[in-house]
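Just so it is clear, A, B, C, D and E label the chains in written order, and each chain counts residues from 1 on its own.
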Amino acid sequence: MNWHRFASPSNFKRLSARIFPWAAGGAALCLGYGLYQALFVSPPDYQQGQSVRIMYIHVPAAWMAMFVYANLAFAGAATLVWRHPLAEVAGRAIAPVGAAFTFLCLATGSLWGKPMWGTWWEWDARLTSVLILFFVYLAYMALNNAFDDATRGARASAVLALVGAVNLPIIKFSVDWWNTLHQPASVMRLDGPAIHPSMLWPLLAMAVGYTLLFVVLALVRIQAELIERRLGALVQARLSAGHAQ
Amino acid sequence: MYRSARQFFSPCFFLLPASSIDCAPMIGRASFEAHDLACLRGGRIVFARLAFRVDAGGLLVLRGPNGAGKSSLLRMMAGLIGPAHGALLWNGDDIADDPDAHRARVSYAGHSDALKPALTVAEHLVFHAKLRGHAADKVAAALDAFALTKLAELPARLLSQGQRKRVALGRLIAAPAPLWLLDEPTNGLDADSTARLEAAIAAHRETGGIVVAATHLDFAGAGATTLTLGERKAA
Amino acid sequence: MYRSARQFFSPCFFLLPASSIDCAPMIGRASFEAHDLACLRGGRIVFARLAFRVDAGGLLVLRGPNGAGKSSLLRMMAGLIGPAHGALLWNGDDIADDPDAHRARVSYAGHSDALKPALTVAEHLVFHAKLRGHAADKVAAALDAFALTKLAELPARLLSQGQRKRVALGRLIAAPAPLWLLDEPTNGLDADSTARLEAAIAAHRETGGIVVAATHLDFAGAGATTLTLGERKAA
Amino acid sequence: MNAAFALIARDVRLAWRHPNEIATILAFFVIAASLFPFGIGPEPQILARVAIGIVWVTALLACLMSLDRLFQAEAEDGSLDLLVGAPAPLELLALAKVAAQWITTALPLIAISPIVATMLHLPAEGYATLLLTLVLGTPGLSLFGGIGAALSVNARRGGALLALIVLPLTVPILIFAVAAVDAAIAGLSPRPHLFLLAGLSVFALTIAPFAMAASLRQAAE
Amino acid sequence: MNAAFALIARDVRLAWRHPNEIATILAFFVIAASLFPFGIGPEPQILARVAIGIVWVTALLACLMSLDRLFQAEAEDGSLDLLVGAPAPLELLALAKVAAQWITTALPLIAISPIVATMLHLPAEGYATLLLTLVLGTPGLSLFGGIGAALSVNARRGGALLALIVLPLTVPILIFAVAAVDAAIAGLSPRPHLFLLAGLSVFALTIAPFAMAASLRQAAE
């Protein structure tokens, strides 16, 4: 067996065992606080009324969609440049999580769009670029699974993740470059947030909660993936031991 | 052309692996050797702890049952797959250090013939010479060496199995390179063509070239070394 | 199953071509012969005026230089291409008269292995048996005959060249048919597998089967007839 | 018959062993359909006007992509010789391959077509008829596509050749399907169009097996 | 460099030897575009409104169909081993293959695009800009397509996977091209859009060779 390939994964296991409880606890806390604040405490918007509460789900999901993609691109670079087996596994593990956040962003945005803009879907630059992000996630997952050899799939999809990273600035700045239906950034701007603190705090709590949730999901999925690979290697070893006799 | 100057100045006497005991007198300057080589395919170890050494003018015959890893070893020698462990050395330098230089010195003829149905025999050879940075002046010799001259203007789709193989082998002559890697080169060849291949190999070795060939048949040449791969993998 | 009843009642003594002189005693009932056969490929005559006769239990070895038309003849025998002239007769009946019956009695193993990368070795053999209207009960014997039992659950993509060839040959056993047509069946096989193939051929002949094999190697069996194709086409 | 069922089972198993392939075809369907709004512009009223055409055209293209290598792959790995050489009628075997393709591609496409229709603002009255046209029309698509796939075996750049052969054959299917949905949206009865659509599929079923078998026999020469 | 030119020459010669393949791609373009009037209905004012989008989307799909086997064919017949093993930089060789594809597919497409545009009643002011967008944008299409083709070598269900990879990458090209022609028709300057289009093609040119070479090396493992 080529144990050196699993040497770093075993390091990972120790590290993740240490992080996991904190991340899980933190996620529960932040999401609990954030949701309570968002749904019951924070004021309705003077323009949007109660439907503003979708924001606390939608906006952090949008941030996470992009943040996870940035991680994916980084994992891709690590796969290609350092050929790190853990990076391979990580990319494979986090892509569906990122796709799920993107889908959440699209779904909540679309739910929100009906009362606000009077339509479920609009081919606006921001919405469209997020849809493309979702497609790139799908393509990444399809490519990752398209090969018999897991390493080949990981490397091919890593190239795609890097090429697809162009889309991130387009999403971020689409609202500034084209005049769109979607509103421009009000939290993450250079000159400080333009949003009332009673809405800002729950929003930030949700954002931190989402991030920790992502960490938890990523750790679990990476470990599942590692176990699956070990199992695959064992089965293969059994089979080849089979012919050896 | 693309060949780096490094191979001519490589310290042939340095870095000789301790395990290498075969120090036969060298005709040319080149040597090709492996130490402690291991190959991993699809997560399985195909072979490990492999070592060999061939010097200029040498012929290494790879033998072993189906699935022993002969083809994998040849692809590794060609630089198409990387070793899981150990290294292949040309004149003492790890081939992974300068893959471009290694590619320039290898001519690989695998299982598949790499023929385009619509191109003629001659066009295949001319293209291959140019692809490898040579002029097309050896093409006539290549056609001659494998009795392809009369087929030169036929498109590849009209060729029989053995004729196709001969075109693939003609590439060795059309674009000369010091190291020939041949995967079951006699498959499908008739007696006459097999004799021609043996002649081509002998001529190549005479000029100091190195040949590595995988085969299941009685196929050899003067002074050939045989490397037998993993008996135990037989299945 | 799909086999027509005709062959059992065919008037074996009628219609014997005048040119056919070989009237050796027959073990089984079957005979396979050609007279005045010609093959046209891509507008060129590959061979013409070909005649042969094999009886039950016979082995016909096709020889000849590359491009002589061995593969073309085998495809013609399999009913995949039609003769430009003349006819192939099974028990005296032109095979073109009842192509369905002929297909049921032929098992053809060509140059390519017809393997799907994602299917396992066993699945290939089971599918082939069913495709030809048989039950899957011979699959275990087929795996055994070519030492594939341990590879049975491996997907074809993981097989080496020789292992692939063995799966292709395993089809002959998995879906029995009286007439085996083998195109260079030993290509890529190691010594052990070649011996297994020879044993399988001998066993098939013992039960009255007929084998036609094209080869460049010393590959034969007791009482084999050799048919050497067009020397002059050599090029 | 057994041989044909064995072939269907093998092809479905091949597809099942790689479930992401079906997902890939579906994703292609969704993405290609959403390309048109990029090109045509986002105005809902125009999109709604062309929605049904886009759904059908992209469904057709998705079907084509999956048909592309239906027989080509068999020819390349040598399986075609075995199929043509099998004692079962080649017409039946060709039909079995098309059936497997329909099960693994067209059925999932039909299942997600409502999502695509929503993205394109198809009026709500059209959904039921859209599904019905897909159910009645896609067998015809697959069968005509099968003819094209058999004809283009051994031709290089099969994909485009396939499209060239298949598109004219499938134009009538497209026309009647669109007409049916348009009628439903306009509050008229889509019945006559649906009958014509079903008729086309039945017609395809009667000629396709023979056409496919004939071209496959030639391809194996 | 010589190796790259030899490769371009070989691929162009291969295409030239089968002129009907180019014709097939062109016919696909024309037929697919002319399907839309069937799907959408023949009203000239609606057609004119969507013409530019349809021309571009079908050009994109036609390009995609021809890219499908760009590297896959090389992998299947074993040529890929020879290309990867050649002493010339693989980046350059991959670029040469894309260049040959562009010459043999995109150029003829551009040449007949006015015919398709006429069939769809594109306003006369749009023709010059349409040609310009095709000239500036198709290199980007081919390059992104080349990345997809290299990534999907030996993948299962290559065609649809290729589409899934390439379509999201090429959407920006589509958007700017359509915006440029729309601007021209509206009497505005298409300049900024054209610059962006050219910029995208240049961007593709800078990353595609490396992405393709990396994927091809993996494919040859």
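Assume contacts are C-beta pairs under 8 Å (C-beta built on N, C-alpha and C of every residue); 3 or more make two chains touch, one makes a residue touch a chain.
Because the structure is predicted, anything quoted here is derived from the model rather than measured.
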Using the touch definition from the top, list the chains contacting both chain D and chain E. A
Comparing A-D with A-B, the busier interface by C-beta pairs is A-D
Could you put a whole-Å number on the gap between the CA centroids of chain C and chain D? 38
Per the C-alpha centroid definition, the whole-Å distance linking chain C and chain E comes out as 47
With centres defined as the mean C-alpha position, give me the chain A-chain E separation in Å. 31
Multi-partner residues of chain B (at least 2 other chains): 42, 67, 111, 118, 234-235
Got the chain A residues that touch at least 2 other chains? 128, 135, 138-139, 142, 146, 148, 242-243
Overlap residues in chain E, where contacts from two or more other chains coincide: 18, 156-157, 161, 164, 167-168, 171, 221
Quick one: which bits of chain A touch chain E in the complex? Just the residue numbers, please. 80, 128, 132, 135-136, 138-139, 142-143, 146-147, 152, 155-157, 159-160, 162-164, 166-167, 170
Enumerate the contact residues on chain C facing chain D in the complex. 1-3, 75, 78-81, 100, 103-104, 106, 108, 110-116, 118-119, 123, 127-128, 130-133, 171
For a test of understanding, state which residues of chain C touch chain B in their complex under the given definition. 41-42, 64-69, 71, 111, 147, 150-151, 158-163, 165-166, 184, 187-194, 216-217, 234-235
Residue positions on chain D within touch of chain C in the complex are 2-3, 6-7, 10, 13-14, 17-18, 77-79, 81-89, 93, 220-221
Which part of chain E faces chain D closely enough to touch in the complex? 18, 21, 24-25, 27-28, 31-32, 35-36, 38-41, 46, 49-50, 52-54, 56-57, 60-62, 65-66, 68-69, 73, 76, 156-157, 159-161, 163-164, 167-168, 171, 174-175, 178, 182
